[in-house]
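Below are two complexes that have chain A in common, paired first with chain B and then with chain C.
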Partner chain A sequence: MSRLGTLLEQAGAILLAVIWISPLLFAFWAAFHTSSDAVSFNLLSPWTLDNFRTAWEGAPWLRYFLNTFLLVTIVLIGQFFFTTLAGFAFAKMDFPAKDFVFILVLMQLFILPEVLIVENYAMVSRLGLFDSLFGVGMPYMASAFGIFLMRQSFKSVPIELHEAARIEGCSLLGILWRVYVPLAKPTYLAYALVSVSTHWNNFLWPLIVTNSPDTRPLTVGLSIFGAPENGVDISVISAATMMSVAPLLVAFLLFQRQFVQAFLRAGIK
Partner chain B sequence: MDTKPFVVLQDVAKRWNGQLGVEEISLDIDEGSFVALLGPSGCGKSTTLRLLAGLEIPDEGQILIEGRDVTTSAASARNLSMVFQSYALFPHLSVAENVIFGLKVRGVPRAERREKMARALEITGLGGLEHRKPSELSGGQRQRVALARAIVAGQRLCLMDEPLSNLDAKLRNSVRKDIKKLQRDLGITVVYVTHDQTEAMSLADKIVLMREGRIQQIGSPDDLYNRPANTFVAEFVGAPPMALIEPGIVEDLSPGRTLGIRAENVEIAKKGKGRLSCIVSEAEFLGNETLIGLEHKGVRGLTVMKPGLSLVPVGERVEVTFNNQDLHVFDEVGRRVSEQLTEK
Partner chain C sequence: MNKRVNLERRRQAIYGWLLLSPAAVMLSIFAFYPSAATFWSSLFSRGTRRRPSEFIALENYSDLFADPTFWVVLKNNLLYAAVTIPVSIVIALAMALWANSKIPARGFVRTAYFTPTVLPMIAAANLWLFFYTPGLGVLDQIGGLFGLPSINWLGQPQTALWAVIIVTIWKEAGFFMIFYLAALQTIPEDLKEASDIEGASRWTYTRRIVLPLLMPTTLFIMVNATINSVKLIDHLFILTKGGPSDASKLILYYIWEMAFAFFDAPHAAAMTILVLGVLCIVAAVQLFFIDRRTHYQ
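Let's turn to the complex of A and B:
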């Protein structure tokens, strides 16, 4: 019975995995074939690199790559800065209404970012950051999830280390920098992986708040490139898609082990 | 010669709502001395140390170090070092970085740092382990890293919070000797918290025995052992502790007084010649001597020490005797009374 159970489980897992990966596999296959072959699903058709050439010439991809790279970097730096300070305050400092404020922060987790798009749009415009990379990244910097994660991580640091550093003459920020931040390294890594992959793939918000090729990230550039008014060529779109996801995909394959472990470790704590 | 004490605590009190802190702590500590804060868990000895360290601020009273009022000063402004029970080594730093942590924070130049570190590692016998992480060290080595960190800055006051309690018994003895030697060689003042009375007795010049947030007695190990201020001290200090005899059990020597007697002053007497007739409740062979625990109504913790192996079957009736001049006398509330009993 239990053997049959495991067999079913494994079969289910394999089935799910195949369903999940098939669009990616198809896109990969289509990217290397002419569109007529791709549409007719001719498995024996010859391979070609023409789609990549066409796609590459069709849009300022280098600029898009640079934008996305800058965007995830800006967001990550901002998130590290704010979540570290806020998490430390919630974990180790006393101030009035601390619990209440923390609950407010946690409530932010229940609100989908999409709900706030209009309000964020208005705010970013008022700040004069419309159509700038900083404006795209700003709403995500004070991440509630990040604050929660950092608070949990800082809370697990033994109080003796804090006190030892105090006696050795460290200031409060010095203790944060020299003791808490290095000890929370696994949490930072886990959080960075999530943050980078989320913001690399983020689409709706950048679509709304960017207006020019100078600020557009890859996702937005790709959607404009593949928009129906440019004519639908499934192979060229696949090639462009492969180009945009390639860096993240390669990074994931390379850091697969760290990716999973980071989560396990951050979770076990 | 300056006769002013190095550290002074004056009527210090710390209270937490509902929880017992410490009350009326007054204590003088001379420069270069080794002071042990001794007591059962929850007696306030660690709180006293933390008040001294500046990790807690007292509600009442005054703390002076080197004649300077530091009652509300920050921990870092008190010129002291501390060894924690859990060692509090930074797990992400190597041995060397742990030791010079404080020097780095205080902006000591690199060359001086290296020199001081080399000296501290040499004193504590940690040479060659500079690049290990704390997780790659044994308990005893971690302990020594904590000591090295405490002495590297050359602070003249060092606080230690049960530094030996995480070591096994054998290591504890050797590290105990190391700590004493270190203190004497460097001439530093050590305030040492422990719940282990043998540790306090063997290390300290002065013992402060505490109970429920109050000081019970301050004195040399000799004072505490031979002249306990009350029955609590009598029962806490010494292994085995002093036996207490309720009033009226021994032929009425001193009406209404509780009597105390140490195991080494009790002897087994021939039948009919003893002053108390007891039943053997346990016999413990320790190698060089045997401890025989005795039971008698109204007597607590009566023990006889016999040299070598001399086990007595449990349940046997034996008679014991003792001299009056070895008896300690306590009044109704347990305070020592300095009257001497001479006639037998």
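Let's turn to the complex of A and C:
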């Protein structure tokens, strides 16, 4: 009885896995076949690269890739800068109103940049950052999640190391840079993974702030390319989709272990 | 001596604030000020060239409450939350328990569960479009094998929202699984051994030991799922655009539409404030629970 149960459970686990991966597999299949072959599921039908050629010529993908790459880099550098300083202050400094300010920061976890699109749009325009990658990245830089994560990580550093560095004559920023930052490497790695995959995939805010192919990230480009008004067929859309998810997907498949380990080690709970 | 301590304290305060100030400035510019400004502008009428905007107190809010679309959208979003939150949590938990147990092809299973997480919502929507398209789509073809009629999943009001819900669950369950996996690995082996010695079945062990220990993780995931039920709307742009006849429109999409398609910022602002209000209540409730059940340093 229990053996049958185990077997059923294993079948369930694998069935769920197959269902979960199938949309991706079908898109992969469609991307390499003409649209009529793609929907008839004839396994013997010939493979083709034409869809990729059509899709590639249909939009400035290289520019989109570059924009997305620059965007995630800008956001990540900004986030590291702001969250390191603030996280350090919350973890190791003692100043008046600290707890109150920390609660204010935590509140930002719920005041999502996505919800404030109207006023953030006005703010970005006022700062002259409309239709620029900085405009897309800025609202996410002082991330409350990041500050919280860094605080937790810095808190676990033994105070003895701090004192030792100070006796050696290290300045406060020197201590932060030479003692705390190196020890928090796993947290930085995990945070970087979360941040890069979030911003690689972000859509609504870039849609609002960008207005030209020169700044548009991949997601926005893909949505414009696939819009029904453009009348592109399903195989070409699949090809474009596969193309734009490939870098992140390949990176994930290659570094899967590290990816998941980084999550686990950072103690995001 | 006392003077030294005082000096040290003042030094710490100055450094603390200096370190904090860059983030504080950014948070003020992109979170606190916009929240206040949104509230302020929700109290004014929409300015036109003939009639400049003027203070109308809560009229934008009463307009919203009188707007039938608002109620439809609200109802949609409540259903969206009520389905996606529990279903994706249950699936995530099952995934984590499976991915953590000894099953064949575990590597494949884990990868399959997690892969949707690294895809952009826009790409996910494109993939699912291939499933939902009437006539050509995979679902219709499977249905066709059993002689079922072709169904326009995205084109009819009864099914459009459900089609959107399924994509959301597909996208977020694997992400939540990671948190459960992390938590499962912190459960000491002794507990499993002890329950084996006591002769407890695997089911009893799961229900009486594992699930209670996962409680803090579940709460954390619930916070995330709640936020997602407001935030995850990108696929609407591809799949339904909120249609047909608003059947799959969600609040954030409606805010976007109002502000950037109808250029009606004041009503969008009023709706934003309502969403923020609800999120704050959720935050307060959940922080209260998290504070009582988990111990952050």
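Throughout what follows, the second predicted complex is superposed on the first by the 253 of 269 C-alpha atoms of A that agree within 3 Å, B and C clash if a C-alpha of one lies under 4 Å from a C-alpha of the other, contacts with A are read in each partner's own complex, and residues count from 1 in each chain.
Following the convention adopted for this analysis, a contact is a pair of C-beta atoms (placed from the backbone, for glycine too) under 8 Å apart; a residue touches a chain by one contact, two chains touch by 3 or more.
These numbers were taken from a predicted model, which means no experiment stands behind them.
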Partner chain in contact with A:166 - chain B first, chain C second, else both or neither: first
More chain A residues in contact [chain B versus chain C]: C
First, second, both or neither for A:100, with chain B first and chain C second: neither
First, second, both or neither for A:174, with chain B first and chain C second: first
Chain B to chain A touching residues, read off their complex: 53-55, 74-76, 80-82, 84-86, 88, 90-93, 101-102, 105-106, 149
Chain A - residues contacting chain B, complex: 158, 160-161, 163-170, 174, 178-179, 182-183, 185
Chain A to chain C touching residues, read off their complex: 2, 9-10, 12-14, 16-18, 20-21, 23-24, 26-27, 30, 39, 41, 81-83, 85-86, 88-90, 93-96, 98, 101, 104-123, 138-139, 141-142, 144, 147, 152, 155-156, 172, 197, 200-204, 207-208, 218-219, 222-223, 226, 234, 237-238, 240-241, 244-245, 248-249, 252-253, 256, 260, 263-264, 267-269
Residue ranges of chain C in contact with chain A within the complex: 9, 12-17, 19-20, 22-24, 26-27, 29-35, 37-38, 41, 91, 94-95, 98-99, 103-105, 108-124, 126-131, 133, 136, 138, 141, 170, 174, 178-179, 181-183, 185, 201, 216-217, 220, 227, 230-231, 233-234, 237-238, 252, 255-256, 259-260, 265, 268-269, 272, 275-276, 279-280, 282-283, 287, 294, 296-297
